[in-house]
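Worksheet: the structure to be examined is printed underneath.
Here the chain labels run A, B, C, D and E in written order, and each chain numbers its own residues starting at 1.
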Amino acid sequence: MLISVEGVTKVFGQNTAVDNATFAVERPAMIGIIGRSGAGKSTFLRMMNRLTDATEGRLVFEGRDVLALKGADKRAWQSQCAMIFQQFNLVPRMDVVSNVLHGLLNRRGTLATIFNIWPTDDIHRAIDILDRLGIAEQAPKRAEALSGGQQQRVAIARALMQDPKVILADEPIASLDPMNAQVVMDALRRIHDEDGRTVIANLHTLDTARRYCDRVIGMRGGRIVFDGTPDLLTTAAAREIYGADENFSEAATSTSIETLEPDNAADNAYAARLLTN
Amino acid sequence: MTMTTADGIKADYMAQRRQKQMYSGLLLIIFVALLVSSFRLANDRNAGGFFDGLHRVLDFPTELLTEALQKITLLPANLARFLPALIETINIAAVSTLIGALLAMVLSLLSTRGLALWPRAIPLFRRMMDVMRAVPEVVIALVLIFILGGGPVPAMIAIAFHTAGALGKQFSEVNENADLKPVEGLASVGGSWFQRMWLGVVPQVAPNYLSYALMRFEINVRASAILGFVGAGGIGYELKIAIGWGQGRYDAAAAIFLLLFLTIVAIDQISSHYRNKLVKGH
Amino acid sequence: QEITQFNIGLLGGENAQDRMTSNECLRVKLEDALGVPVKIFTPADYDGVIQGMLGGTIDVSWLGASAYAKVYLTDPEAVEPALVKQNVDGSIGYYSIGFARKDSGITSLDDMKGKVFGFGDPNSTSGYLIPNVEISAAGYSMVPGEYFGDVKFLGGHEQTIVGVNNGDVDAGVTWADGLGNWEDGYNSGALRKAADAGLVDMNDLVQIWKSKEIPEGPVALRKALPADVKAKVIQIVADLHETDPACAYGVAAGEAKDFIPVKHEQYLSIIAARKLTQ
Amino acid sequence: MAMTETGLSLPDLRAGAVALIARKRLIAFIAPAVVLAYLVYVFFAFDIPGLAQRARMDNAMMLVSDSYSYKTHVERNNRTGAMTIAIEGERKGTYADDAWPDWVQRAPGGAVVQLDDGYSVTMGEDDVRFEIPDYGTLVIVPAQSGVTLTTPDGTVPDWINASDTRVAVTTPEGRLTVTKARAEVFRYFFGWELFFFTLDSPFHGKSFISLAELALWGDRVRPDHSNIAAMASDFWNNQMWRHKDVAWALFETVLMAFLGTISAALIALPLAFLSARNFAPGLAVRFGVRRVFDFLRGVDGLIWTIILSRAFGPGPLTGSLAILLTDTGSFGKLFSEAIENVDEKQVEGLRSTGANAVQRHRFGVLPQVAPVILSQVLYYLESNTRSATVIGAIVGGGIGLLLTQAMITQKDWEEVTYYIVLIVLVVMAMDTISGWLRRKLIQG
Amino acid sequence: MLISVEGVTKVFGQNTAVDNATFAVERPAMIGIIGRSGAGKSTFLRMMNRLTDATEGRLVFEGRDVLALKGADKRAWQSQCAMIFQQFNLVPRMDVVSNVLHGLLNRRGTLATIFNIWPTDDIHRAIDILDRLGIAEQAPKRAEALSGGQQQRVAIARALMQDPKVILADEPIASLDPMNAQVVMDALRRIHDEDGRTVIANLHTLDTARRYCDRVIGMRGGRIVFDGTPDLLTTAAAREIYGADENFSEAATSTSIETLEPDNAADNAYAARLLTN
């Protein structure tokens, strides 16, 4: 068994953000976690990456309870378990390659990294990864100079640089326009397919989850209320997860390019007008 | 993407990185060399060396505190005695901040592109502010002491003059970020320059103005204490006499020192509190 | 033990650069004799030199009597007096002079009731210590508000003179050698310099008080200096009028007869006066 | 579409608006009124009406005129008859006995001093005569007992200050004072005296053109130096203006500011992390470090100078240490505020890769705060150049000492002007350089 | 004759923004100026309001050349010739009534206006005008707290407060959504109809011009290339004005509510998403 989540719980004050989450991942898969805002998706991923400490429960990865790790061990785990954020969380004033190289911070000596000194091989590998994601040309630019979709790909490159066993992605496409969203999701899927890494992604739209994931976990109020393959995710199941009533329309959560394509021109025009305000 | 382009990018990037590292290394070396050599130069030109004197750093404070503690019973009386001088110092700072800020407001509006009443005169007002900023307060204060005699007024004028220049620059930076649309709106109804500024610009920039002015006030309290040292009245003057005399008056020095310290800390805290409030929430 | 450098401290009262220039010759002589770098320091007020001597960073200085007393009272082991300036007439003293504007109608301390009295630097002997003690002893309390309306420190002799002339204070004290005529501002002293510079017209001022003779301050050396260094320095300064009159004129800040040895005992009265003034 | 869809009635709305404007009007009046009341209080507390009376405009005039002109003293010792002619009455400005300026001629018992516009002073054997066109001749006789003055019409005008012992005559062309002991004439000239070369320099009194000629192809004035080198050396070592010392002093001032500011920044940066809410290892540490900052800043630089003089004596190091201490306090506060405002996302991104604390600070925080820190440091560098002027005056170093001393002695206002101009230029240069650096380093 | 524009020209450096514009207005009318971006519409209105100085030409209003006015006369003219801006140009931090009262700045003393001394009658009139525009309830709010359509109505109220003979409006609805656009255009039309004031409006959509204006002036590259009643404005004429080719479709310039209504929901969702970025 690859990952076994056993009763993982997180309590913030009075509020139980994640409530006794239990599931297991047998072999590398692409897993989507869906649920409405506040369902506990982010909190779960953050606990897994050890950005947030869990209140209770175990999360066993290759035989070790990663929730119990401390200090250097914890950081070593973080370096094996890459995280991608909605807002990219790059260092905007540094160049793209340096940002990608940050994926190796845990593996290289503190002193050398502090002075931004990296082995040539590492730099070459970073550029190779960028090339794989189609943004090698941006290598010398500052991260802040890139578009959102490119920045997210830099974040993915940083994750790949970690050569992680698991990639966690917290709403990786929520800040992106449909075009870029597709590019980023394709990249994540390709990483799963080609490298065989486990990818766990929080997604806020059903159709993305259906389209890209092998398995979908639905959360509501901190609990796991759905766990199955995408084809089990009927509209009824979705209503259950989102706690929505009859008016619930999937379109409201959709970001795929196809469904929006026809309206795009008018959309863009309208949005542009609004944005000039 | 083919490998050859990636290889090209690698080579380019490595070259660029090497160059950047060389520059930063060079810069670092220059910086460190400059720092070390200026330390050595200063050390050489000083009467006592840094390392020789280090163990004596506490001599003076010890001397002062010992006497102050011996006469601790006199502290309340001393505090009361020097309170008027402290108030004078604070008054100097407050008035000069006030007058300086008003002047700065006018100067900054006159020297901001898009707002200036006489656009051609912008460089003139800018230079004016530069000079006002560059002249040390002590120079103006001493000249004025010569003409007006001692007391708070020379210090007040000196600080106000400097404040006008310093705030003027900060204010005009704020002005430059002000939205010109309301100003144009007021121009379109036939508003005069004064109305455009007062109704169109000032409401936008007031919080930032206030924040900067408060910070200046804090600086000016120190400045007015320093000017007291050269004979411009206030608590600095009392401190200089007490400390200058030495043993026998260290209790007074300690009391003045305490007053000054508490005031500066208090003003610092109050103004940073209000500044945070002003800038963060409207 | 050895010394690696030797520092001369000069009290304020004159243009810093002028002070440096007039003592440059002495610096060179000392450097030759001691074989170590010799530097001159000219802090703006008396306290700068005093702190330097107390902290051991200034090795020799021509202190005022009151400044010497301060050093002695703070740390009796810090410095020792070595030489004192002897005037042309053989005396080793000078005077503190109280003066006022002529048009103010003030002619003596009796007219000063409720008026403002100005001192120079708190560490000055003639500008503060002696007048404070003697005038108090004469029955005019120096506590602000008791006899005088207010008592102020103006910072130094020059400021006092200008302050009185401008009317900022009604009367003040400064130093003079007491020789020569009032209308010239005496032969030497702060008044003479101010009159020469055109700062004041002596016709506009009147003398309202004169102290007893005040002993010149000592050329004092740091006690911890090696004996041979002390000896060399004392020798050079003592012989200055004989070996290099031009240099001596600069170092003594005017005509003088000689630098002669002086003992700590010479300053006991000043020390007592200083102790009294708290 | 209906235009009137108000729930409230129109009169209510009208009344509300009137009240609103009234409230605003009240504020518009109260704020200036409070300020005005305070200014009035200060007006009397600072005794400004009295000040207006005490103001000495003649001092101001003297200051202004002295800053662009200089005077030459022609003095006769009445007892010995010896004559001294000296620029600004200074020894190094004294004319040699055989090289008097052409407007002073020897005469029996003294000299005749020609002033402008036909004014002249004759220092004769028994008397001093001041000839004033359109007025007549003043005759002043110094004697053992005192000084007697005879005016053409017998009255004493207000530009003559006469007593039994001293007569002072002030005219636009020059001043004359006579006492028993001395007779002295001051003649005023436009400009800064001997600014380039002192009297003993062979280059003194030469025009620019002849100097240029000398420099380019003239014979060597001093055999062992080229003329340019000799000129530079004479200028650099000018005893009257001491350009060399002044340059050193300026440099020392900048040195104090540079050393103090930069070291303070280097010390404050790591400490600022300890006192920033989001990075402090503990509340106690944060509180402690903050109070240390407050203390360093609250004890003003000036007081630090006094404390430090005991340990290190006078000199530039003491000055820069004083700047260092105060600025460590200021920087500590500013930097920790900047650090508290950093965007946590970047730090979190690094944390998620397993970076340790040092790495997170280096990459997550430093790049964000660097621009703020840099611009603060540069700003302080410039403003400390100004403060170093004052601090220098106290620790006996730098241009500040020269300046304050020249001002306190109150006679060489042209030197004061010279120093002020230099200081202003240096501060403006620092301002420009720091602005340039800021642009270069923050954008590049 | 009310207004006579005679050879008005404006040159910016090399660029002639308005080129010898000539036309006359005989009696109060509602006039629309159309043309593509950069045609010189704004520049013309700004010259008329004297926000920009003309390079050449005369603009005679009631016998006076307003382009030649200076100082106080110029400001007096501005107070008779109100201007409405695309971005409203209100003082955002001030309340609505004060913004409306600003219309009177030129008529009341500088000192009085600075100390907020306004006659009660003025305040009442301001409220009445706001009421007429249906936003009297917003009177005490800060201008920035209002929606775009409301802000534009405040701007119109300020203009009406000036009691102007002419109202200029520079793309008054370009920043508004279709709903608000209609409200604002209705208001402008009603002002023309009820008060008989001349309204000159720059419009960037043909259908608005057709629907609301008595007369349409078309500009292209600074020149007036069309001047006539809306019914003369054929698609061919429009192509001429816009310099467009066969692909030109009126829809691209349309903002009327009817044509956009169906897409509104998707629009809003998309825009909201974009705005949260």
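Everything below uses one rule, namely that a residue touches a chain if its C-beta (ideal position, glycine included) is under 8 Å from a C-beta of that chain, and two chains touch if they have at least 3 such contacts.
Everything numeric in this text was worked out from a predicted model, so none of it was measured.
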| item | value |
| --- | --- |
| Central chain of the complex, centres being mean CA coordinates | B |
| Relative to chain A, chain with the most remote C-alpha centre | C |
| Between B-E and A-B, the pair with more C-beta contacts | B-E |
| Distance-maximising chain from chain E - centres being C-alpha averages | C |
| Centroid distance [mean C-alpha coordinates] between chain D and chain A, Å | 62 |
| Mean-CA-position distance for chain D and chain C (Å) | 27 |
| Distance from chain D to chain B - Cα centre to Cα centre, in angstrom | 17 |
| Rounded Å distance, chain A centre to chain C centre (Cα mean) | 80 |
| For chain A, residues that touch 2 or more chains besides their own | none |
| Junction residues of chain B - those touching two or more other chains | 45-48, 53, 56, 59-60, 146, 149, 151, 230, 243 |
| Touching two or more other chains - residue numbers and ranges from chain C | 7, 9, 41, 45, 47, 51-52, 54-55, 57-58, 155, 159, 162, 166-168 |
| Partner chain E, residues of chain B touching it in the complex | 179, 181-182, 184-192, 194-195, 198-200, 203-204, 282 |
| Chain A to chain B touching residues, read off their complex | 97, 116-117, 120, 123-124, 127-128, 131, 134, 136-137, 139-140 |
| Residues of chain B touching chain C in the complex | 45-48, 53, 56, 59-60, 63, 146, 149-151, 230-231, 237, 240-241, 243-249 |
| Of all residues in chain D, those that touch chain B in their complex | 35, 38-39, 42, 45-48, 51, 54-57, 59-60, 63, 252, 255-256, 258-259, 262-263, 294-295, 297-303, 306-308, 310-318, 320-321, 386-387, 389-390, 393-394, 397, 400, 403-404, 407-408, 410, 416, 420, 423-424, 427-428, 431 |
| Residue numbers on chain B that touch chain A, as the complex places them | 1, 5-6, 9-10, 12-14, 16-17, 21 |
